[in-house]
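Dropping the structures in below, format is structure tokens.
You will see chain A twice below: alongside chain B first, and alongside chain C after that.
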Partner chain A sequence: MPQTDAEKKRKFRSARRMREIMTEYYIEAKTADQTGKKVAWITSGGPVEPLIAMDVIPVYPENYGAMIGASHMGGDLCAKAEALGYSTDLCSYARADIACALEDGGPIGGLPKPDMLVCCNNICGTVMKWYEIQARLYDVPLFIFDTPFCHVDFAEEARRYVRTQIDEYIGFLEGVCKKKFDFDRSMEVGRLSLKGQRLWQDVLDAAAYRPSPMTAFDAFFFLALIVTLRGTDKVVDFYTELLEEMKERVSQGISAVENERYRLLWDNLPVWYRLKWLSDTFAAHGACLVADTYTTAWCGSMKYIDENNFIDSMAEAYTRIYLNIGVDEMAKTIFAMIDKYEVDGLVMHSNRSCKPYSFGQYDIMRMVQEKKGIPCMMLESHMVDERSFSESQTLTRIDAFMEVIRQRGPRAGTAR
Partner chain B sequence: MKTAGIDIGSITAKAAILEDGVILGTRIGFTGYNAGVAGRKIFEELTGELGMEVSSIDRIVSTGYGRNSVEFAHKSMTEIICHGAGAHFLDPEVRTVVDVGGQDSKALILDASGKVTDFVMNDKCAAGTGRFLEVMARALEVNLDEFGELSLHSENPAKISSICTVFAESEVISLISRGEQRENIIAGIHDSVASRVYAMAQRLAVDTPIMMTGGVARNIGVVRALERRFGSPVEVNGYAQANGAIGAAVLACSLP
Partner chain C sequence: MNILNEFIEVAGDPGAYARRIRASGRSVIGYYCSYAPEEIIHAAGLHPVRLFGTGGDSGIADRHLQAYCCSLVRGALAESLTGGLDYLEGTVFPHTCDSIQRLSDIWRLNTGHGFFADVVLPVKLTGESARQYLIDVLQRFKRDLESYFGLTVTEESLRSSIRTFNIIRSCLSEIYELKSRNPGILTGGELFSIVRASMVMDREVLRDRLQALLGELRERVTGRDGRGRRLMLVGNACNHPDVYDLIERSGGQVVWDDLCTGTRWFSGAIREEGDPVASIAERLFERQVCPSKHKSPTARGEHIAAQAREHGVEGVIFLYLKFCDPHSFDYPYLKGYLKDAGIPSMLLEIEDRLPPEGQILTRIETFIQMLVPGTGAAFTGASQTGREG
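Up next is the complex of A and B:
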């Protein structure tokens, strides 16, 4: 389809660079057995910096899950896992990844085989069983990094408990890699990680401008680097460029959605196989999903990081992430985002795959309506199992939600 | 000004025609395979019945699942907004509307001006919808129209615990084979629908008066069961099933 000039302008030039980096990254990971590097599979919220410091290539089954979803392979793979006896109620990332591992299938011909697994349960409990299954399958050592749930505060006992595990984690890595951990290097990695997170937050903050230069759908795409390569120069360089591009777009008034009239906040993981459809459907209403709680999670706990003492402070930073805090704390984060990005409504994805994320959403919705007085809507699906998505029902909800917002009129913008 | 509303639901197609704030007529038929054809047919049947020319209608709004298939409509709007507008038109005092149709159920909150301030819909599941009742009526070999009346004679409603329509059907079949009275089974089914719809509506700040719309509002058993749950009367009028189409015709009045 021919593009208009406005559509061409809206394309991010950084998208190409991002694809290049991700391709290089996966090639490096897939050829690790030839280069002698070790590969660790790690959960999305796991402490990756020690791996980077040890020159281990981190690989993320969850990032891969997103690829599976975006390439519409989730339904088939989930069905294969179900045939093996896994429940349809199980996380669709877990189902798809388990099926992929058993048949060497999926996008990019499957993930490179791991030399070790690092599982941090700050995002959910499913990962523990999922990683145990993979540890048995690949017969590789598994390190479980256990982060106690923080309803409100971070207790001193919790700090000591998690901090002890960092030493154990380092010991585990030294054992598998057969070399000593370089603490000076880890300080540098920690600094780069924090720098990357700050830049990522700055990129996301550009959406506070009216019209927003980016949508949450762009954030879902650009997220991959802060997840996978946190703690490297590459991430810092890339987000520096992306931030520049955001600033240019803001100064030139390039909006992500043509004639942005309404600004919305998204909660929970994306529906990976319906990104374009959802993006187009909201855009047709003049609505821009300016921000989301999901991509913000990769910079949401940097306030706990001490640049000069990364190893100690990461105990708190990795424990107090968005999915490991109480519902009231989550609601506070959402309130702050509603104000910061000046949104007209909240779109919640009740994601049957992600229980810790979806639990409490109705309570948060009620709190948002009471405290912020904005309309909220809920749509249901599994993030990569496309069999669970009902298009006409979702469309009716979105249309009705937008009708409600339209009746109220757009929020008066005080924004920049 | 003459306006029409066409509501294409999953099972039935509804049309309503209004002139200057007065309902001239409504009509209900089956949607069938082709939603676009169903919309045209029900519209022509209603104009024919009223002795009107199709061309005499100034504005048409379509709604329901097939809303985008009604090509001759000037605008399509969701059934949420249309049921709100219809209920407000029929009774401006109404603050909560519970609409249970063929394949979905929803609840919405209205402000004093008839605007929808909040709504909730069922998830992707037929439980608590008209389809659920249809499946059960077939299992019980009872005409759906008699369902409501029969259940009022129940002295001891059976307990249907499954949420899933398919499992609930097998539960019903096992109740039949145990010799449970039909009235009790039907009353149990109505309780089951009411509990689903009520639980969903509880996510909203429900206010009274409550009106029930949609095809299932014709079932007095479900209405009574809902009243017990809400602890409040649930209003139903003769236009319940056509309410969405009426609302669409009301909204068509303000089209440019």
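Up next is the complex of A and C:
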């Protein structure tokens, strides 16, 4: 199908650069055994900066899980995990990765083997079980960075505990890498990390313009860098360029969705194997998913970071991230996003893979309806296991939801 | 045996018992997890009660929780929202799995049972920092109780509670050991009633009853080897007494378990010297670990295989509530460890109700018939094993 000029214009030129960077990154990671670098597997919300400071290559099974989902390999791999005895109700990132590790299958021929495992439970309890499994399989050292859940606050004793673990973590790295930790270098890495996070927030904020130059689906794509290479100048350079592109789009009035009429907020991880379909389905209603709670999580706790004391302030920043707080705290974040991006409705992805993200959504939904008075809908999936997804049911729900939004008419925006 | 009947009665309707306690003027504090610091609640003069999440699936939980949530969490919320827990003056949520973690939020926002506390335990139960943090968390919990109820938990009352709980736990361990050596001494259902009632009864009364029961059981020991293949149950909190009956009818008998309504809950004694809160923390730190906590990547596998060997177990039944992440993640590896130890296993995944009896009976029977005869025989002559310590 030939693309129209408008469609061509809507494509991000940065997408190509992004793919290049990710390819370079995976090549470097996969050839680590030849270059003598060490590889650490780390959870997506984990404290990566000390690894970068130690020249260890961080590898993210969750990012890999997203790749598996987007390449529609999730169903097969999950089925393989089930054959090993893993229940179909478990997180599909974990199931897919466990199956891959055992057979070197999956995209890019599998992940490079880890020299160590770093698991931070600030996102869920699943990662702890998942990393135990990999620790048994690869028989490599496992460090658990335990971030006590903040139902209502970050208790003093929790602060002490997490802070002490940073020292233990550094000791762990020194032991595995057999070299001293360079604190000066870590300061620099910390600064770059914060800079990257600020830029990422700026990129996401561009969606506050009407019409929005980007959708949440673009954010899901561009997210990979802040997750995997946080703390390097690559991230800073790339997001600087991406931000430039956003500004251009805004000034030229290039909208991500043709004739944007309605603006929506997405909650939870993406449905990785239906990104395009969902994006097109909403776009057909003139609706743009302008923002989401998931990609925002990688810059949501910047306020706790002290640029001049990264190592100390890291304790709080890594503990008080979006998924490690109470349902009412999460709702407050959502209220703020509803206002900031001036959205007309909330789309909640009830994700069978992710219980900590999904349980509590009904309560949040009610709070949003009460406090913000906007319509909400819920759709269900297992984010990388496409076998259980019902396209027709989802479509019916979206149509019904958009009908409600249409009847209310677009929110009178104070466009920027 | 009258004592046994008393246990069976309490276990049959724990809510009624708790209401009587409440009527007698004592505040009842409930919790769903075996990591709750019962000793501190008890030392405060309050009455600790384990809840079982038996609110059923009336649909009321649907307002807050998706269908892919375990029946314990859904049942717990339903139990509260339908008024079944009106006797409570407080609830405590030790931090464990992701589902309970969110239940705590939903509970705090939607139910009203007076005192409320999250006891945000460390997830990692290894290393000095976690050990210290656990002590700090329990200290905070003690302060929270004190300030809400306007009382002081003295060191002496903590020590006395610790002694009471140590006796209770050692009695339960010994009853388990007796049952393992002489399986016919109690039916599985009876033993489960004893455990369940022990989580609910007034602890001083309980201590005395358990000691008396143990005396009676010791008398009855001879010639009660029981029949059936020696099985072990492994799972989350099991709330299905009828499963014992089904197993016995299928030619098996449960001689040991790794359940939170079983050995995971009562194993280990608390040091009676030193700082009492630190000693309570130490036991929680060292006890058999729940899969939502981390001890080492292989701790549970080693422990369960060792227990199975020690008790001459011929087969293991994994009894899991559906949608339970921590237990489901452990299943393949535990099964592997048991296989390496030459012990076959089967998995029963259940929701709040057991599947139709015929179906489940056939599955259990088939499993039991496949067990190689004679493997457990070596156990009959086993010497008096020491109590769990």
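Everything that follows uses one rule, which is that the second predicted complex is superposed on the first by the 416 of 416 C-alpha atoms of A that agree within 3 Å, B and C clash if a C-alpha of one lies under 4 Å from a C-alpha of the other, contacts with A are read in each partner's own complex, and residues count from 1 in each chain.
Heads up, the rule we're going with is that a contact is a pair of C-beta atoms (placed from the backbone, for glycine too) under 8 Å apart; a residue touches a chain by one contact, two chains touch by 3 or more.
Since the model is a prediction, treat every value here as computed from it, not as a measurement.
Contacts of A:Tyr362 after superposition: both chain B and chain C are touched. In the superposition on chain A, A:Pro148 contacts chain C only, with no contact to chain B. Considering which of chain B and chain C touches more of chain A, the answer is C.
Of the two partner chains placed by the overlay, only chain C lies in contact with A:Asp328; chain B stays clear of it.
Of the two partner chains placed by superposition, only chain B is touched by A:Thr396; chain C is not.
Applying the stated contact rule after C-alpha superposition, one finds that A:Ile133 touches chain C and leaves chain B untouched. In the superposition on chain A, A:Val404 contacts chain B only, with no contact to chain C.
Counting contacts by the rule stated earlier, residues 350, 362, 380 of chain A appear in both its interface with chain B and its interface with chain C.
Those residues of chain A that touch chain C in the complex are listed here as 84-87, 89-91, 94, 121, 124-126, 128-130, 132-133, 135-136, 142, 144, 146, 148-149, 151-152, 155, 157-158, 160-161, 164-165, 168, 326-328, 350, 352, 355-356, 358-363, 380.
Chain contact summary for the complex, chain C toward chain A: residues 63-66, 68-69, 95, 97-99, 101-106, 108-110, 118, 120, 122-124, 127, 129-130, 132-133, 136-137, 140, 291-292, 294, 297-298, 322-323, 325-326, 328-333, 335, 347, 349. Against chain A, in their complex, chain B makes its touches with residues 65, 77-81, 104, 115-121, 123-124, 203. Residues 350, 362, 365-366, 369, 375-376, 378, 380, 388, 390, 392-393, 396-397, 399-401, 403-404, 407 of chain A touch chain B in their complex.
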